[in-house]
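The first chain written gets the first letter, and so on, giving A, B, C and D; residue counts start at 1 in each chain.
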Amino acid sequence: MINVLIAEFIGTFLLYLIIGLCVSQPASSGIAVPLAVGIGLAALVYSCGHHSKAHFNPAATLAFFCAGTHSKKAVFPFFIVAFVGAIVAALAITILDPQGLKSITPTTLEYPKVITAEFLFTFALIWVILNVAISKKTEGNQFYGLAIGSIVAAGAYAVGPISLAAFNPAVTVALAINGFLPWSAVPIYVATQAVAACTAGLLFMSLGTTNEKELQGNPWN
Amino acid sequence: MINVLIAEFIGTFLLYLIIGLCVSQPASSGIAVPLAVGIGLAALVYSCGHHSKAHFNPAATLAFFCAGTHSKKAVFPFFIVAFVGAIVAALAITILDPQGLKSITPTTLEYPKVITAEFLFTFALIWVILNVAISKKTEGNQFYGLAIGSIVAAGAYAVGPISLAAFNPAVTVALAINGFLPWSAVPIYVATQAVAACTAGLLFMSLGTTNEKELQGNPWN
Amino acid sequence: MINVLIAEFIGTFLLYLIIGLCVSQPASSGIAVPLAVGIGLAALVYSCGHHSKAHFNPAATLAFFCAGTHSKKAVFPFFIVAFVGAIVAALAITILDPQGLKSITPTTLEYPKVITAEFLFTFALIWVILNVAISKKTEGNQFYGLAIGSIVAAGAYAVGPISLAAFNPAVTVALAINGFLPWSAVPIYVATQAVAACTAGLLFMSLGTTNEKELQGNPWN
Amino acid sequence: MINVLIAEFIGTFLLYLIIGLCVSQPASSGIAVPLAVGIGLAALVYSCGHHSKAHFNPAATLAFFCAGTHSKKAVFPFFIVAFVGAIVAALAITILDPQGLKSITPTTLEYPKVITAEFLFTFALIWVILNVAISKKTEGNQFYGLAIGSIVAAGAYAVGPISLAAFNPAVTVALAINGFLPWSAVPIYVATQAVAACTAGLLFMSLGTTNEKELQGNPWN
């Protein structure tokens, strides 16, 4: 279990490190930010998936649990390590780049749009994750990292300016720490993401295509 | 069959949601729009292909039918669900982003160029789909999503400013709902895409490389 | 053999169609041109590779011949069809977009730089092709299309403004037809690309990692 | 061994050739530079990995050694050939594009940020390399090139303006030759990259997922 959590920490830490640095000065990645985050996530999923299934996202953990493939007792450690990884990355960015962060003003949020955007694309992300990670029909596939990174990038191109495209409670908290989101938005984001994750998890389970081995529990469950 | 149609709905809904949001304010995805749509499509194909072969496009359904691998009675449900998915997404965008849509003026269309562009790149898309999805020589490949998403992105970079790069009757209707295309253009687009799909389907079948299992009918036929 | 040549025609035609349209008005693909061409090429290689090994490039045919895996009598038909495919695409572009082409002025060419750029990146392209398409150590791989498209895109980002990044005699001729290159440059480009292809082919053969089945002749040889 | 070193030379030479040309006039790849380098690296890894495991980076060689999978006597030749490949590419760029290079002024370096950035993303790169190249749980995967190229691109988008995103001692020296980095920065970069590589190598080994065959020595060890 400790190796699993080390991999989850490394992945979530590096994921938010890439996100936070790409959206801050002096990175100026501009129109390439969603692409940078997507391919970074793909690489991290490929490097950690065999250790820990590369959740990097409490919404993913929740969805695996709703789909019946993640044991109850392993949910809490995965939650904790995802939040810790993202928070440590947010603090590292504070140290690495204080000037860039000073000029940040939180995005203006129109909540009906924000909730719709975060719900639809968190659902899309979790739908992709479940189908490439625990479906019996795609067992043994090697495109899982590419698919997961790509849906995050496409979603960020689509709704980035509406909601900052968090799709992830741990990333949401880290964005608040670095001042990209107001703290008052965090509970709304997290609740929306949790509902989207449960919706996707229950829908996926109802389709009956979950891999038997996943349902019987993996080594790290 | 119901699970198949659920997957087709999710895929077509999310595909047009990405398209419509990326080309509207405030997304401003600019030069990245074709890339965003291509990688989004790749992720959706990887997440739905094992459920329903990921048509997301009545032209693809028609081409599979022309190539002899899609049963006659399954054509109509696939058509309906693709149009419904794209139309629901168009309505969702109307709700999500009314300001951005107000400033849209339909693209000026020069029909000889539009028809040439839509014919050539719908043919290219369907040629790629048939060769990666039902050829016996590429059976079991894992690059199908990447190949399909890539040809759409390349085609959109090439002819996006000429025809908006629909390549798909359901997307064409949704673009008209959101005001990107005039309704008078829809029949011309759809007829062109249908001719391109049949051309590609019949050419592919004449090459004699269709997978036997596909010809004998899949579980969802 | 006729099916092989149909696939080569479709691939080379669509490859140059994407190239020519992306670099002309009104496509304005700007900084995304190399990416569009690279991913388009990847999709075309995945859709045609199982038919014809997806040469799309007389330099690739020459390199396979130098490496001992392409029969002498099949060289000429592959050469012809690649040039025909690219030339037909160039004519299609002339019909599709005459305004955009009117404003083209041939790139200013500094020949020592042009020759160096075309030699180095045609060598890089052919090196990648040989290693992913006929090496015994990568037999059965599925990354061949991605690798080939990626090296073309990377090369085009690196030397596009120096030499237009043709790396392909058929594309070179088509670029001259559309006025992007002066006709006087064509022999210099083609000779450079041929030397680079032979260098890569002979080097690859000397490494002794060619697949036995390729050396004994493929169905289409 | 000679074939191994030829492949390492070709890969490192072409890798720095792409880097150096993309960041110089007249390439103007701008915001696409990290992407161009990442996909170029992916293609080179796919073309050379079966010859030499595609180090192209003394930090990777060091990490393989720390992880126990690279023999002591093979370390030195790999170091030499990586530096020679990058240095020859830097000289080729000097010949190919002297005007562009004249206008270069070395990046202003804030060393605490530079060291943090180079440490974190060299660690990320090496972590990805080790997990996709020598882990027993990902043995036989085909995503290694994509994963390695993607993490380099994501890292370059994140910290390129801070440290030029070298992540590689051979690239660091070549950047100094072409005037992008002051020579005084080279020892600091190389030491940081070496510490990051050893950290990743030792951490990876402690997780106990190294492939047995790698531990027993490969043909080229």
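As a convention for this text, a residue touches a chain if its C-beta (ideal position, glycine included) is under 8 Å from a C-beta of that chain, and two chains touch if they have at least 3 such contacts.
Owing to the predicted nature of the structure, the values given are computational and were not obtained by experimental measurement.
Q: Moving step by step between touching chains, how few steps can get you from subunit B to subunit D?
A: The distance in steps between these two chains is 2.
Q: Counting shared numbers against all numbers at the contact of subunit A and subunit B, is it over half, same, or under half, different?
A: Both copies, subunit A as well as subunit B, present different residues to each other, with under half of the numbers appearing on both sides.
Q: Taking only the C-alpha atoms, how many degrees of rotation bring subunit B onto subunit C, rounded to the nearest 5?
A: About 90 degrees of rotation relates the two copies.
Q: Per the centroid of Cα atoms for each chain, what is the distance between subunit C and subunit D, given in Å?
A: 28
Q: Among the residues of subunit B, pick out those that touch two or more other chains and give their numbers.
A: Within subunit B, the residues that touch at least two other chains are 31-32, 35, 142-143, 146.
Q: Which positions of subunit A touch subunit D when the two form their complex?
A: 3, 6-7, 10, 14, 17-18, 21-22, 26-33, 35-37, 39-40, 42-44, 46-48, 50-51, 92, 95-97, 142-143, 145-146, 149
Q: Give every residue of subunit A touching subunit B within the complex, in rising order.
A: Residue positions touching the partner: 31-32, 34-35, 38, 113, 116-117, 120, 124, 127-128, 131-132, 135, 137-138, 141-143, 146-148, 150-151, 153-155, 157-162, 203, 207-209.
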